[in-house]
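So, here come the structures, one by one.
Next come two complexes, and both contain chain A; in the first it sits with chain B, in the second with chain C.
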Partner chain A sequence: MVDAARHPNIELLTYTEVKRVEGFIGNFKVLVEEKPRYVLMDRCNGCGACAPVCPIEVPNEFEEGLAPRKAIYIPHSQAVPLRYVIDIDHCIKCYKCVDACGKLDAIDFSQQPKQRWLDVGSIIVATGFDSFDPSELTEYGYGRYDNVITTLELERINNSAGPTAGQIIRPSDKKFPKKVAFIQCVGSRDERFNLYCSGFCCMYTIKNAVQWKLTYPDADITIFYMDIRTPSKGYEEFYRWAREMGIRFIQGRPALITEDPHTGNLFIQAEDVGLGQLIELESELVVLSTAAVPRADTEQMSSILNISRSPGGFFMEYHPKLRPVDSPTDGVFLAGAAQGPKDIPASVAQGSGAAARAARILNAERWEIEPIVAHVWEDRCISAQGKKCGICATKCPYNAIVVEQGKAAEVMPAKCHGCGGCVAECPHNAITQMHFTDAQILAQLHALLAKEPEKKIIAFMCHWCSYGGADNAGTSHFEYPASSRGIRVMCSARQDQDFVYEAFRLGAGMVLVSGCHPQDCHYITGQRVAAERFERLAKRLAEMGISPQRFRVEWISAAEGAKYAQVIREMDEVLRSFDPQALKEENERVRPELERRLRRLTEIPDVAKALEQVYA
Partner chain B sequence: MSNPDTIDPKFKDEVMAELGGEHLLRCYSCGTCVSMCLVSRVSSEFNPRRTMRMVMLGMRDEVFRNPTIWMCSACDLCYPHCPQGIHISELMRAIKNIAVRDGYEAPGPVAVVNEEECSGCDVCEKACPYGALSLVTKVFDGQQRKVSQVNKNLCMTCGICAAACPLSAITVEEYSNEKVAAQIQADGWLTEPAQRLPGEPQLLVFNCSWNLRADVDRAALTRFPPNVRVIVLPCSGRVDPIFILLALKSGVDGVLVAGCQPGQCHYKQGTRIAQGRMRILQQILDQMGLDMSRVRFVQIGTEERGRFPALVMQMLADLKARMEPANITA
Partner chain C sequence: MSENGDLRIGVYVCHCGSNIAGVIDPKAVAEYAATLPDVVWATDQLYTCSDPGQRQIQEDIKKYHLNRVVVAACSVRLHEPTFRACVANAGLNPFLFEMANIREQDTWVHSHEPEAALQKAKDIVAAAVAKARFLTPLDMIEVPVTKAAMVIGGGIAGISAALDLADMGIKTYLVEKEPSIGGRMAQLNKTFPTMDCSI
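Coming up: the complex of A and B.
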């Protein structure tokens, strides 16, 4: 941090909040708000004369509330920059600090929040994590029993610069606890709170236990765990060493802690799974290894930066294996525990990766993007004719479309990721997607349904999930009937309802539309756009007189080959159960209505021509 | 997995297909359920985690032959603590259902209805937390009559029905009225003046079997002074008001009935039933002109370490403070 502060090319903005982010890769504009410190950065030299005279004491956040701090304070002794700040919510404006500051005259109560725009090429999000509040888990009595503490509190108690100067004492009677128990997975691997494994808690608990045991070899230390997870280099060896030095590891997750009100000692109820027996362990101090949880402002940040979140609530990476440092928005990168719980080496590695990837953009004069972006036919867009529309902009997950009344909608290619949601949603067929044009997809559809259409299942698939699922079915040799015909688009959002109408108009037996599960969508909200659309479509098809079984919507992940095969098998079975003659009659009945709905299709540039080629 | 020939790999699917068994495979043997379980506390052979493991491994015969699968009383103390959200009592019920279909039976003992005495009034059916009692029509001496019948596989022998029956026609063998009375009177506690400490009140305590989790509290049950007599019953719902009236009549100064906290009752609603009964009893005592405070009903949470002994000592002190010749037969 000190190095960063001193670096000529790094400007450190502390006590500053990101308010808005606009623009795109290489050309971001960021609105930041510098909060008032009430201390002048250029005058304060961090001498600390002000704090001792301040009469206000509030719990010190850095010390986990175990020690007080003043209303004028630095967060901790290594703070960078070493400048004081006034906690205005607690300050009583006695101005004693102003007197203490004296000639430096660094205190200025007239400061106001300052907003300014920054021009940046790339953004790295490294906002870290919060610690789970174990008082939610009432069975462990945190907050009710004095001697149940969290690991972070122990870290402070055990720190020579901490509130006890490194003396380990327990809160109830300020005595040294000889018997201590650690409980793992508090708030993690628990479907009531967080399903994920926080990953690093096993190691830091072992570290704390070892540190304790080295200082006090007589200490009686027990660690209750469900599974010990020490997969990184050197970690398992460390765990083995901890076992060898006499730290007791008990497999079994305690369900309840009770307190002896006289001694303040705690009784832990657990099953020793190895023994298969119930045990009651008396302990003088209990330390809870709490889960890492997403920061409280993660949701706000995700909407400011337009990046999505994984099911656990942390920021989502572009690809879990191949692009773990990139966010779904180009030019925005993720580092550290903001992306998911991780330990220090992994955070450093990801931070270095993010810095390198961010620097690539800063050094580039030109930036290549995927060619599959959306394109607006300006003459077809009704916004250009002065009418109010803007549907495309509301459906875009990346805010890549700008609509101004009187002007045609404009797609910013650098922000467009090519999901095609806007193309399918445009009610006037005024947008197309490069390489996935209506003409191309309709030509595929016509070719696939050229012969015996009523015996075919048309399966629209998204590139990332359901197409991967179909691929997985193939490579895993999950058999499914040969009646299915697939059409791949980038996202289920690109699957235009007109394609479904056209498939039925051509006499297709069955139509499947498929995409990712909602939380896996590659294009943030593409699946949701599609899901809404298909819900409406299913009703409309039924109203038209198409048997509801002939249209199916399924969310299939790339790993669900078996599910894909199963869906096709089921659909094939339904198709076979239909009377072919009745099916043909049904198609004839609905054809006029479908033709009426599809009348505009041939107006789309190139569609008529493409279809001619199919039949040539 | 002792013998591969007896392994039924489909067993887990069968349990999971049963209502309540859906989430079986989520269990990763953390032991939370066992550490919360009061049955495991009392009899270490009962281990729901191990049972689930055995089901997963397909040890069908071993699971069904194990008498402990019938011991889960569905108190659901474990369920809210399970990190995987498995409803363990429902899962145990799914196992029991399959066992019943396979022809296995709960080993008992169960409540026994004296059919000659039973009037078919249906009070027991309404009181039973498990729906183990139902009325059936039988022929006695050529006459059709409705009598209560016990479903052996559902009865948990809590004895709530025995206390509820107005004709005392239901008996739970181990805790029959006669045996409870004998326990109260053992060693001449009521009659022998030698048992009475001079100037000290006599206190009779009925405690349920499940409200004490801590070892120290369980040990305390046997360490009270001789003027305190503790009778342990399966449930506070087993306490028949007759016991209390007879004790008061025999000169006991006070009666303390302790059950589980509502929501933690081992037999689902036993503690609530007891609460209602005790309230009515106190009103009756009041109408009789007796001091209501001589009968107390308390509900103890399983994690309230040290509360039970403290309550007993407190009541003893209160009784002593109001020591005056008790006018019981008034």
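Coming up: the complex of A and C.
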């Protein structure tokens, strides 16, 4: 900690929050706001003369509320920087601290929040985790029974610098508890709260139990667990050691805790899986190993930083296997428990990994970005004609498009990630995506449906997920009928409804649009934009008279080869169940309506030419 | 390129040993490809990604003045970077390359229907050629880089990242919303696996 404060290349901005992030890889602008400390950093020397005279006492957050602090305080004795701060919400402005500070004159009640913009080439997000509030689990009585505490509270009680100076005492009568029980997976691996395993709580419980047992060899310690998870180096050995020293491990998740109000002791009811019977255990203290959960402000941070979240709510990495440190936004990296529960060794490793990933960019003079970006045809954009639009900008998950009425929409290539969502959403076909232009995609479609279109399934796929799923079906050799023909785009958001209309106009038997699952989207909200679009489209196609079974939408991950194969199998079966003649007639019936909807398609540059091709 | 009347497309159909050739006849696909518009040269190769395979593409680019290249082989996710680099080395813009996946999405999943698999391979190649006709050369977008970093969060992960960056000579802002850095670790007593004190 002190190393970071002393390093000449590190500027420490404490009591500071990130308010806004603009720009792109290599060129971010970050607005930060320093909250007023009401204590001058350059005058305060941390002497501590002020706190004793302060009449206000409030629970100290650092001590998990187990000890008080004053309204003027340092969070703990090792704080970095060692500077006092005034908690203005509780301060009564008696100014006793000002007198105590005396000649140093370090207290300044006139301070205001200070904002500044900082230019950086890369950002590392290491905002950590919160602990689950176990009062939500009413059966354990946390908050109602004094002697049910969390492991974090125990960490403070069992700490020589903590509120009890390291004396283990229980809250109800300040006596030393001889019988203690730990309960694992509180809020983790529980369908009601969080499905995931928090990873490090098994180890920290064993650690606390071992430490307790080393100090008090007579202590009676029980750990209730679902499974013990100790997969890292040396951890299993540590667990063995705990068992050998006489700590009792019982497999079973307690169902209920009750309290004897006279003694303050607790009765734990659980099923002992090993014995196969219900047991009740009396304990003087119960310690809950609460889940690691995402910070309360994760959602706000994810929108400020434009990065997405995984199903559990933690920040999502670019690729779970191959790019575990990168966020989906280029130039923004993730480190530590912010990305998912992680212990200290793993957090340090990911911190170093993130530094190296960032340095790759920062040590380069210039950075190259793939040019598969959106491009506006200025003469087609109605905003340039003074009309109000701006749909593209609202659909862009990266704020890469600026629309000013009277001017054509402008794409900032360096900010554009090339999902193509705006291209498909523009009602005037005024945007295209380089390397995935309308002409290129329609030319593919045309070629694929040149012969016997009614016997074919056109499958639109996104590069990252459903195309990967189709590849996975291949590497797994999952056979499916050869009637499908794929067209790859980067994101399902690029799959224009006009492509679907055109496929049916050309007589395609079936159309599949596919992409990632919502939480896997490489382009933050691309899948959602597509999902909304295709929900509407499915209704419209049905209204037009296209049999609903002929159009299908599926979200398939790169690991779901079996699903991809199954979807095509099912679609093929449906296709075969149609009478070919009836299918042709249906196509003929809807063709005029499709042609009406597509009449402006050929105005798009190159499209007319792409559709001209005649195949032998 | 639409305005470019002089398209010269080369098509390479890979056997991938028996991975493709065990199900369909790559030669038949190449012969079909040769009939497609603007294709001036089409051939089959045992392993297109091998050195000889790539060398042939590079030689053909010069010999036949190819200005678009289509490789029908495995997945884009596997070898697109390989072939982009290959054509770039022969002086062609890498975005004038197009890949047709006739392995993962054809022969590997339709081995029981070789006839249908062959027809599908032809369609896939026709689609790739159709796209290639509309490819345009693109340049990578170059942006400048500000040599400074921001680390948000001063727990152990953020401190580690900031120290590493700073040691590499990079100016680093370490932003912490609390009055002190340290995060959760500062609250812990002894820590596993070493059982030493945390700070």
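Note that the second predicted complex is superposed on the first by the 610 of 616 C-alpha atoms of A that agree within 3 Å, B and C clash if a C-alpha of one lies under 4 Å from a C-alpha of the other, contacts with A are read in each partner's own complex, and residues count from 1 in each chain.
By definition in this document, contacts are C-beta pairs under 8 Å (C-beta built on N, C-alpha and C of every residue); 3 or more make two chains touch, one makes a residue touch a chain.
This is a predicted model, so every value here is computed, not measured.
Q: Mind working out whether A:Arg552 is in touch with chain B, chain C, both or neither, as first, second, both or neither?
A: Neither chain B nor chain C is touched by A:Arg552.
Q: Of the partners chain B and chain C, which touch A:Arg189 in the superposed model: first, second, both, neither?
A: The answer is first: A:Arg189 touches chain B but not chain C.
Q: Under the stated touch criterion, which partner chain does A:Arg533 make contact with: chain B (first), chain C (second), both, or neither?
A: Touch partners of A:Arg533: none, neither chain B nor chain C.
Q: Between chain C and chain B, which one touches more residues of chain A when both complexes sit on the common chain A?
A: C
Q: Just checking: does A:Glu259 make contact with chain B only, chain C only, both, or neither of them? Give me first, second, both or neither.
A: first
Q: Share the list of chain A residues that count as touching for chain B in one structure and for chain C in the other.
A: none
Q: Could you list, by residue number, the parts of chain C that touch chain A in their complex?
A: On the chain C side, the touching residues are 2, 35, 37, 75-77, 95, 101, 103-106, 108-113, 116-117, 119-120, 123-124, 126-131, 133-136, 138-193, 195, 198-199.
Q: Name, in rising order, each residue of chain A that touches chain B in their complex.
A: Answer in residue numbers: 139, 185, 189-192, 226-227, 251-256, 258-262, 267, 269-273, 276-278, 280.
Q: What residues of chain B sit close enough to touch chain A in their complex?
A: Counting only chain B, the residues touching chain A are 28-37, 40-41, 44, 47, 49-50, 78, 81, 83-85, 213-215, 303-306.
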